Amino acid sequence: MELFTNQVLAGIATGAIYACMALAVVMIYQAIDHLNFAQGEMAMFSTFIAWQLMQWGVPYWGAFLLTLVFSFCGGIAIERLLFKPLAKAPILTNVAGFIALYAIINSSAGLIWDFTIKQFPTPFGSSPFLGSQLISTHQAGMIGVTLVLLVLLFFFFRFTRMGLAMRAAASLPESARLVGINTSWMIALGWGMAAAIGSIAGMMIAPVVFLEPNMMLGVLIYGFAAAVLGGLTSPFGAVIGGFLVGIFENLAGTYIPGIGNELKLPIALALIITVLVVKPAGLFGRPIVKRV
Amino acid sequence: MSTVQEVVTEAAVVEAVPKKAMTLGYGTSLVMLALLILVPLFVKNFVIFQLTMLLIYALAVLALNILTGGSGQFSLGQSAFYAVGAYTSAILMEHAGINYAVTLPIAGVICFGFGFLFGQPALRLSGVYLALATFALATAMPQLLKLGYFEYWTGGVQGLVVTKPDAPFGLPMSQDMWLYYFTLAVSVAIYVFSVNLLKSRSGRAFMAIRDNEIAASAMGIDVALYKTLAFGVSAGITGVAGALGAIAVQFVAPDSYTITLAISLFLGMVVGGVGWLPGSIVGSAFIIFVPNIAEGISKGLSGAVFGVLLFLVIFLVPHGARQVAMVAQQLIGKLRKN
Amino acid sequence: MTRMLNVKDLRAYYGQVQALHGLEFGLNEGSLTTLLGANGAGKTTTLRAICNMVRTTGSIEFDGNAITGRSTENIVRLGIAHVPQGRGTFTTMTVEENLQLGSITRGDKAGIVSDIERMYDHFPVLKQRHTQQAGTLSGGEQQMLAVARALMLRPRLMLLDEPSFGLAPLIVRDLFRILGKINREDKVTILVVEQNAQLALELADQAYVIETGRIVMSGSATEIANNEDVRKSYLGY
């Protein structure tokens, strides 16, 4: 029993990573109604920017803020330059675009900063949290940051005019235009916000998984899975989904025999898909009634 | 939580391709066939090998076209079926001494079954959810192939070496050339089969499901049957392609069949034109040759160059090679009028 | 009386199919005009064309300025509110959020708050349900919400596409009475597209009849209502 509780707690700790990423995923889904495969790479690139700023002597929080701003602008720039022209193209073509973006960012990061692992600092220190061996102060800090982000997003969507406009644009674009909302810019804004959230996720994750160009792929997949599990329309669901995915992953690794590290990912995905077969809109998603 | 359900008149994930546009005219097809038959007579063995791989990947892209362009189901998992086909062939040849040609239909049938079975749970998923599920399948496959339980059969991490067959009846051609024509014959047969499948009642059922699943079901189409059938056929063809690939490359190993292959096949389908069967060969050419071109342009940034080239293609022709063909057709039509 | 909206030689296309064939009509400021026609005649297309939601050629002028090239949201910001077919309510948002969305382009917070109160005066049922999700409202209530949302823009011109569709006759009478009130008291120019010719002609002062993408008849509402052909084709007697 103690092993079980320990694994669950450890799962929550790692799950914070996925929860953070899942928030960025939900953000982009709200804006563009699909998943962006390059989001992990964008987060990775932002984290490298932060690292580079710190190498040049900028203190942590300064680098953090500059990276946030850079990521926000970068997300908007990428959308305006690369995906606005594809707005009328079929969805699958857009997906090919995401894959192309992934390749470009991953390769560029590899060239600029090479593939050796780098240390990334944490503002929370890495001593045991409240004396517990399972959760470090950094992981606790990460959970805290994720929860703060969640609350901020909730307030943004529910209580601000911009948030209302974005929800309207995502929900019924044509009606949104008929109240004067520039739906095209709402999409750009969604990208910017998703990129900013992604950069926070990257900067929280890097101290744990170490900074290198391929650090985000596994995280992104788990992030997708967490967002889908939670229900793609619910930031709250994304966070819960993230923690659940972390727990699944740990329990699967501990209790299912023969599963080394390599099979953890497909097993976690399989579990999530099983949930989806039962609850197609995810745990907290709004059930979507499809009409002819 | 909200009580109101969001009512969605969902745009089809995959856009409908008008039936007429799904294949080439007879004249163009014959010209293509003639080219495919004659070109290998004039080139070196290595180029013949590349052409063989071109046909093999074209088959895999074709299979994906049937699944996605035909029945509207999004799959990022084709590499799993390709791997099963490849390993089936390798195991039958190396452990049971079965003739290479015979392994193809066996691989096809096994993969058909595998795809049909996978199609069952996939019935409840669509769009991004199905993408995730197929993605999971693709990532799992290399790991499953490395598992200790199967090592005797699969050769574990190192895989199996496959013997390349000689030309039969003592024909005076190299192994590569024989394999090319063998592959060509199989490809043409499968292409003709696929074209007819899409024109048939089943094909129309697929397309009805792709365009509007609810309406299709209301019309009496057994959606579950046809969706799993589409998965099965697609997996079967991919399996045959995998088997051919195993023979051509002369070995099978788990890391040859990763998610990268599945993503490449997806890109091949998009570049060729989703749902346009003849485009499969264009897509195949893209995924075989463009990465090499990218590496030639810049070794350090080969991924970035590939991404840029891909963007160029999708900006210029968002509907893939099909768009190029339609424009060409219109131009020829205009020229004919004058 | 000034011509608020002037449409000349308007052609509209859905892909390769042409839906409007050289439409010509105008709206005077302050008028309440109805556009009548059978199914498929081009009524909805006309409204969509005004808001640039469909590909067009020809000229559309609002207050003397051409609006054909502008994006839908920019046309709306000029003061043209469009209540589309099917109402276009944001079903997953509350009644009050829908009203707030109607005024999302305005900057005057106080004005918005007082306007919301005015909407609740016009449509008391909305006040009752103001925290409910719009999707839980009945058809008639959603139509009222759609009209209220359009009014939150403080439009100079309001376009309504078949507001009576699917509603019980008593509710339609109520709705039309409110539309008349809005036209007279708030000085909002209104263009109503309707299949229910009888009620529309009772409400309006001007009328046009459209057939297969062309205006075939125009005049005051009374003239049109008394016209022999109109009575036979659209009024049933």
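A, B and C label the chains in the order they appear, each numbered from 1.
We adopt the following convention: a contact is a pair of C-beta atoms (placed from the backbone, for glycine too) under 8 Å apart; a residue touches a chain by one contact, two chains touch by 3 or more.
Just so it is clear, the model here is predicted, and its values are computed rather than measured.
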{"item": "Pair with more cross-chain C-beta pairs in contact, given A-C and A-B", "value": "A-B"}
{"item": "Identity of the chain that, by mean CA position, is farthest from subunit C", "value": "B"}
{"item": "Cα-centroid distance, subunit B relative to subunit C, in whole angstrom", "value": "51"}
{"item": "Centre distance in Å when subunit A and subunit C are each reduced to the mean of their C-alpha atoms", "value": "43"}
{"item": "Between subunit A and subunit B, centroid-to-centroid distance (C-alpha), Å", "value": "31"}
{"item": "Touching two or more other chains - residues of subunit B", "value": "2, 4-7"}
{"item": "Where subunit C touches two or more other chains, by residue", "value": "92"}
{"item": "Multi-partner residues of subunit A (at least 2 other chains)", "value": "171, 286"}
{"item": "List of subunit C residues in touch with subunit A within their complex", "value": "51, 53, 71-73, 76-77, 81-82, 84, 88-90, 92-93, 97, 100-102, 104-105, 149, 153"}
{"item": "Partner subunit A, residues of subunit B touching it in the complex", "value": "1-2, 4-10, 13-15, 68, 74, 121, 124-125, 127-129, 131-133, 135-137, 139-140, 143-144, 146-149, 212, 214-215, 218, 263, 266-267, 269-271, 274, 300-308, 310-311, 314-315, 318-320"}
{"item": "Residues of subunit A defined as touching subunit B within the complex", "value": "34-35, 82, 85-86, 88-93, 95-97, 99-104, 106-108, 110-111, 171, 221, 224-225, 228, 232, 258, 262-263, 265-266, 269-270, 272-273, 276-277, 280, 284, 286-292"}
{"item": "Residues of subunit A defined as touching subunit C within the complex", "value": "161, 164-165, 167-168, 171-172, 174-183, 286"}
